[in-house]
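Labels run A, B, C, D and E following the written order; every chain starts at residue 1.
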Amino acid sequence: MSSEYQTLTKNGLWENNPALVQLLGLCPLLAVTGTVTNALGLGIATMLVLIGSNVTVSLVRNFVPKEIRIPVFVIVIATFVTLVELLMNAFTYGLYMALGIFIPLIVTNCAIIGRAEAYASKNPWPQAAFDGFMMGLGFACVLVALGAMRELLGQGTLFDGAEMLLGEWARELRIQIVQFDYPLLLAILPPGAFIGMGFLIAGKNWLDGRRLQKAQQSPVVKAQRARVTTVN
Amino acid sequence: MLKTMQKNGVILGTFAVLATTLIIIAQLLTADRIEAQQRQELMRTLNTLIPATLHDNDLYSDCVLLQRPDILGLAEQPVYRARIEGVPSALAIRTTAPDGYSGQIHMLVALTPQGVVKGVRVLQHRETPGLGDKIEVERHPWILSFDGQRMRSENDARWTVRRDGGMFDQFTGATITPRAVVNAVARTTWFAQSEMDALFSAPSNCLGDPEQWFEDQS
Amino acid sequence: MSFFIASSPHHHMRRNTADLMRLVLLAMVPGVLAQWYFFGWGVILQIALAISVALAAEALCLLARNREASSGLRDYTAVVTAALLAISIPPLAPWWVIVIGTLFSIVIVKHLFGGVGHNIFNPAMAGYVLLLISFPAQMTSWLPPVTIAHELPGFWDSVRLLLFGFTGDGYSLEQIRHVDTGAMLDAVVMATPLDHIKTELAQGFTLSEAKGAVIFQGVAGSGWQWVNLAYLAGGLYLLKQRVISWHIPGALLGTLAVFALLGAVFAPDQLPNVDIHLFSGATMLAAFFIATDPVSAATSTRGKLIYAALIGLLIYVIRTWGGYPDAVAFAVLLANLCVPVIDQYTKPTAYGHHEERS
Amino acid sequence: MSQVQKYNGQDADIQLWTFPGGIHPPERKAPANQEPIRRFPLADEFIIPLRQHIGALSEVQVSVGDHVRKGDLLSAPGIEHGLPVHAPTSGEIIEIGEFPLNHPSGLSGPGIRLRSDHEDTWGQRHPLPDYRNQSHLTVLEHLQRMGIAGLGGAGFPTARKVAGARGIDCLIINGAECEPYIAADDRLMREHAAEIVRGSLILQWMTHASSILIAIEDNKPEAIAAMREAVAQTREQLSAEQQSDFVLKVVVIPTKYPSGGERQLIQILTGKQVPAHGLPADIGILMHNTGTAWAICRAIEHGEPLLERVVTLTGESIGSPCTAWVPLGTPVQHVLAHVDFTPEAQQRVIIGGPMMGFTLPHLQVPVIKTTNCILAPTRKELPPAGQEMPCIRCGACADVCPASLLPQQLYWLANAQDYDGLKAHHLADCIECGACAYVCPSEIPLVQYYRQAKAEMREQAIEHHKAEIARQRFEARQARLEREKEERLERHAQAAKAREEALAARKQQAEQRSASGTTDDAMPDANSDPVASAVARAKARKAEREAARNEESSAVTGTDTVQAQDPKKAAVAAAVARAKARKEAQAAAQKDTETNTEASTPEDKKKAAVAAAVARAKARKAAKQKDEDS
Amino acid sequence: MSWVLGIIALSVLALVAGLILGFAAIRFRVEGDPIVEQIDQILPQTQCGQCGYPGCRPYAQAIADGDEINKCPPGGQATIDRLADLLGREAKPLDAAHGAEDVKKVAVIREDECIGCTKCIQACPVDAIIGATRQMHTVIADECTGCDLCVEPCPVDCIDMLPLPTKPERWTWNLEQIPVQNITDAAATTETSERGPA
């Protein structure tokens, strides 16, 4: 059982990371990662929707016929997105304004319906919830990493505007790392998001390649060969 | 076949009903808080321009909707009026510069009843980061250069950017953004100066969702 | 006796990539000299800095990619990229501008896409666009040409300006760029002719009013027209040497001229005429040196015509309605993006396949 | 040149077209085409490869020790229009075996070695001077028997080419000879113009073509003049009726490489393109090389098989460049010995021209029907390819491609081994003319990439075909096994049923018996008897087998002296023993090497190998010993 | 009131959609699983069993059911790449556990040693060996897939797997591999040839 959770963790955070490997949900990923705060906000929102939809889909998976599973998933996801949107509107108004259209766009984040279809619809709800959490976490991590990269290069800060997400006390979180006379505007602009994303993916592939190289040095175990023909 | 069709329809329908109900419940629960948030947000900006000492009325509801797209940039823009014991003390007009570098720039212009600018703030814009976004007070004090200014005539030559011979600086590398802002503020200020009394005497009529005015009409 | 094994053909025209690139560099010389005359030492310093950074970056990239560094460096492609970028930016832009631009061109645009021959975009132009949108202030700070400024910073002042931002006498670049025009205000900041026209027109002035400015001495802006003529001369040399074919420069300049002419006929007071479009900004440089970069251009003859015409059209459209006064870099990059499509649809019909097509 | 242009003026009624691309490399034909065609002394030995053409391999008709005369058949014509080979001179067959081929691969192939007796005596010749009174079939068979193949490029059997062509409207005699250096056709046309024209007339008679166009590049004015002269004379000789029957004309075409390519020349002369997967005959055109026309003429008029050809010997490593008549089968070594060949370091010897020729690894290969040139350039003259640089997509290759392909695209695809893409970009239409590689500024050996890709695609097609057959055979076998199994089960089931029935019957009988009360003792005995005997038989067989096995195992251990009753069985046992011993020896050797890995110097390895071999030999000896014993 | 309308509209919509989907699911059902056929087309049909399945087709079925695509040494990397292409999976290197890619080979029986046991005939998956009991056997070289399944059963170890010889007609233009023949010739001095760049 624990190994199942381990696999889920590894998949969500690294092996099958929705953003870095599956390249899902790029639209919000590239659009809102101008700052860490925005990235974190959208990451958490996506994670909540993922957990909710995964659990629901898992619970109803035995009642839903194959033909209508996609519409049902869409209804479930849309419901959760609307709920999250309402909650954000009510409790984190600043962030809600900053993220704008990208909260409703979570509906179309393929990572969510992808998990519903690939995992939640085949597994019991505790695992599905955990899978949603880990996938969401993986997505959020990439979002935050990209946000940090872009915010640092473009503004020289980190956690600018954290109060929008976490309340007034979080104003203190803002860190001015470098003071640029001329910040690299490209980092904040959409092309910067693409380039940054490219570097993140390249970095991951590089690490994987190195690990694979190490793994290949271990000796191989000969597999059993099947006899096509019987010898009698 | 008919049976499958019926079954599918019913299941899907059930999900739809459940989902809609859930959303409606959530909306009912959060509606008040959302409205309070919106109101609070607007008040925060209003209060930086019109401090609490300048009014004792409810700014949020003492509000008129103006239909002057030629001057204010959008079909409808609210004007919030501050009074102390019923005497007009200040005025905040929402206005929009339609000709920013990357589309509309939404602003709030506060004036004294005498027509002197108390302050200008940018509410929303999409100008180039690092260049045009110096119109935000958080990034550059440029927007404060309107404070205390007044227009002498409708085509006051000083109310232009320096490059055009006016008194407002432009930023290095960007002329269009400050020019758009200056022009919009000038139009609004002259409008307010010339119609000040009418603005204060009009009945309040803008209860509702202030968010709709943020809708970008570009 | 054993003999040397080789594959046919055993004969070669013997003009390799390095030869071509050397000719391109040679053809740039008149233009660079003109820029040096009108805008001072800055341009030479920028070129020197860019080339050294480019070669270092190229060598490191080749090493990192486990390629043989020496042959990669000897093909001169990095030098051409660096030189093109250096002559495109304001001569006295701070040193880090050209360094960032060159690094971006070589490392990201060229080598991350697979090195020579694999880059989708023109590296010099991609680097230029990065600089333009990242550092708009520095990238629009052109000096007035010597004909207006009367005096340009000398060699050492240029070095100091590049490195520290101040001349030996403590003047900043901003101060040097201001020219006393005797106007209402004390000074006016120098802009390029195209920039000037764009600003003036945007304010509702007519073209003739805009051209009345001090910067418009001659046809298309003092200094600028001569720089363009010098690049035209270099381009003609390349044509004569058969390094480039006439298709790209011809189609580019032709399209630009036709649209400029149409504009001038229909709105003579709002749209600049042919002379300004052809002899101002980076038009000639684009036509003969930038758009002709073989790697990022279309390959077939028909494809080249379409590609270059597209650049000409885009230059006109962006100059007229876009946000940037000179549009060469954006036009080239946008056309680069279209190259695969152009190539796909301009494939020549192979021998014996005519019937399949029809 | 002016002379040439004057000729062109006379030919104003022939409209010339052009093909896309093409290049103008330095021609350098002068050194070789100055002197008349030379003839060298005969070589001592000739190597005649059996396969000098496309088609089936022909069967050898002679055996070692036979004495043959010049022109004698050495191999049968073979099936599928295969061509026979003939003795190039008189002499003795000294070897039939594998010899290095005149082929870019440097591989060997079947051939015949002939020692010349330097007499050069002709054997029986069968001319066919009255061919016009013979049937076409007779003439075609004659040409096949004479071994006539295209002397231009691929060496396609001429009879097959002519027989396959129907509805020919235009016969083109290709004297373009567009590749630099080569002057074989040039000299042949100057010296044997009349024979070429007569050969063309024979082809015209066979195809009923309404026009014969003899195409010559304008850089060969003397050849043009000679051919014109011959055409004019022939016109005079022909009757008026025959003259009006068809057009006979020398066409001068502009010099451009590769205008001598079949498809390119057709485009120049007619403006038409041969369909991609078709033949020139599909658009009513047949093309033959001037040399082929000459060979046809000799074969018909004199009954001479194709025994020799004109070879250009040129390049700066050759002291006296020239053209020469070389008997087929003459080693290149022998030819070069007569033209002051002084090789430099890393000398290249190219068969063919500088654009499409291939290099030889050594000179012990024979001149064959398609060898039109032996080029030995110095490094200064034709420098070897420089270092390959990355493609910069300049498109120069596409500009010069005569087939309007996209060489740079093909290069990417070939590198990526995207064979579907290559097919879509018509790699098959590449004629490997080398124009693209000639102009490539990155000095990429493009043609080499294409050739490898083409070969790989051909391999894949073969492999796929083989896989398909293997699958069918596998499935057929599975089906067969399945069927057999079912049949076996069926048999078992039937047997079981029969047994059951028998049992039931017996039971019934017993019941009947018990019911009737009669007891018959003999009955059960009689019933059980066969069963018991069967069991006994099985037991006996088992014992026998056991004994055999014991025997075997004892043979393996090799300690006893079993007398095998059956010699065959003993042989089997011995073979098994041998195999086992070998296996053991191998295992031992392996073990040896394994244990020695730490100090596995080559010597150690060698030692181990020797030890293993010794062990193997010993085992074999022991086995043999046993064989003899038994 | 508006939310009641909302609920009704959405449920009706869902109901209709469900009905349509129910209809479509039955009406447009696709039968069969042609992907196995396509995979089988790509596999080399060596029938060697090195993948762990008895034959190429069973492996094709296994791949379609989700097994790894890198278990076929005779097909090598080329087959893996094409499978990856077909199935949209990642092309992995050949799984060393199943063997290494090798040159194409063909089985050859040393006929003087053959005892005619027919064991190899039974082992051959493509019936490429002919012979009868106590008669000499031989391999039809053209039909042999080089699976080497016949080698092990042979009691006298008389089957060799030999690399396919290169013929000029099937030479793949590998200039690096041109054999340098050391032909004894008085006139020629033998020296190792320096290979030009191919």
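Here is the rule we go by: a residue touches a chain if its C-beta (ideal position, glycine included) is under 8 Å from a C-beta of that chain, and two chains touch if they have at least 3 such contacts.
All values derive from a computational prediction rather than experimental measurement.
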{"item": "From chain E, the most remote chain by mean C-alpha position", "value": "B"}
{"item": "Longest centre-to-centre distance from chain D, chain (CA-based)", "value": "B"}
{"item": "Whole-Å separation of chain centres (CA-atom averages), chain A against chain D", "value": "60"}
{"item": "Centre-of-Cα separation between chain E and chain D, whole angstrom", "value": "27"}
{"item": "Length of the line joining the C-alpha centres of chain B and chain D, rounded to whole Å", "value": "85"}
{"item": "Centre-to-centre distance between chain E and chain C (centres being mean Cα positions), rounded to whole Å", "value": "53"}
{"item": "Multi-chain contact residues (two or more partners), chain B", "value": "4, 7-8, 11-12, 15-16, 19, 128, 130-131"}
{"item": "Multi-chain contact sites of chain A, meaning residues that touch two or more partners", "value": "65, 67-68, 71, 75, 182, 185, 189"}
{"item": "Residue list for chain E, restricted to those that touch at least two other chains", "value": "14, 17-18, 21-22, 25, 47, 55, 125, 173, 175, 178, 180, 185, 187-188, 193-194, 196-198"}
{"item": "Partner chain C, residues of chain A touching it in the complex", "value": "182, 184-186, 189, 191, 195, 198, 202"}
{"item": "Chain A-facing residues of chain E, complex", "value": "14, 17-18, 21-22, 24-25, 47-55, 71, 95-98, 119, 122-125, 147, 149, 153"}
{"item": "Chain D residues touching chain E - in the complex, by the definition given at the top", "value": "100-101, 103-107, 109, 333, 337, 346, 348, 359, 361-364, 384-385, 387-388, 417, 445, 448, 451-452, 455-456, 458-459, 462-463, 466-471, 473-478, 568, 571-572, 575-576, 578-579, 582-583"}
{"item": "Footprint of chain C on chain D - complex, ascending", "value": "19-20, 23, 25, 106, 180, 263, 267, 273-278, 343, 346-350, 352, 354-363, 375, 377, 382-387, 389-395, 398-399, 402-406, 408-409, 425-426, 429, 432, 434, 437-443, 445, 447-448, 451"}
{"item": "Parts of chain C lying in touch with chain B, wherever the complex brings them together", "value": "133, 136-137, 139-141, 174, 184-185, 188-189, 199, 202-203, 323"}
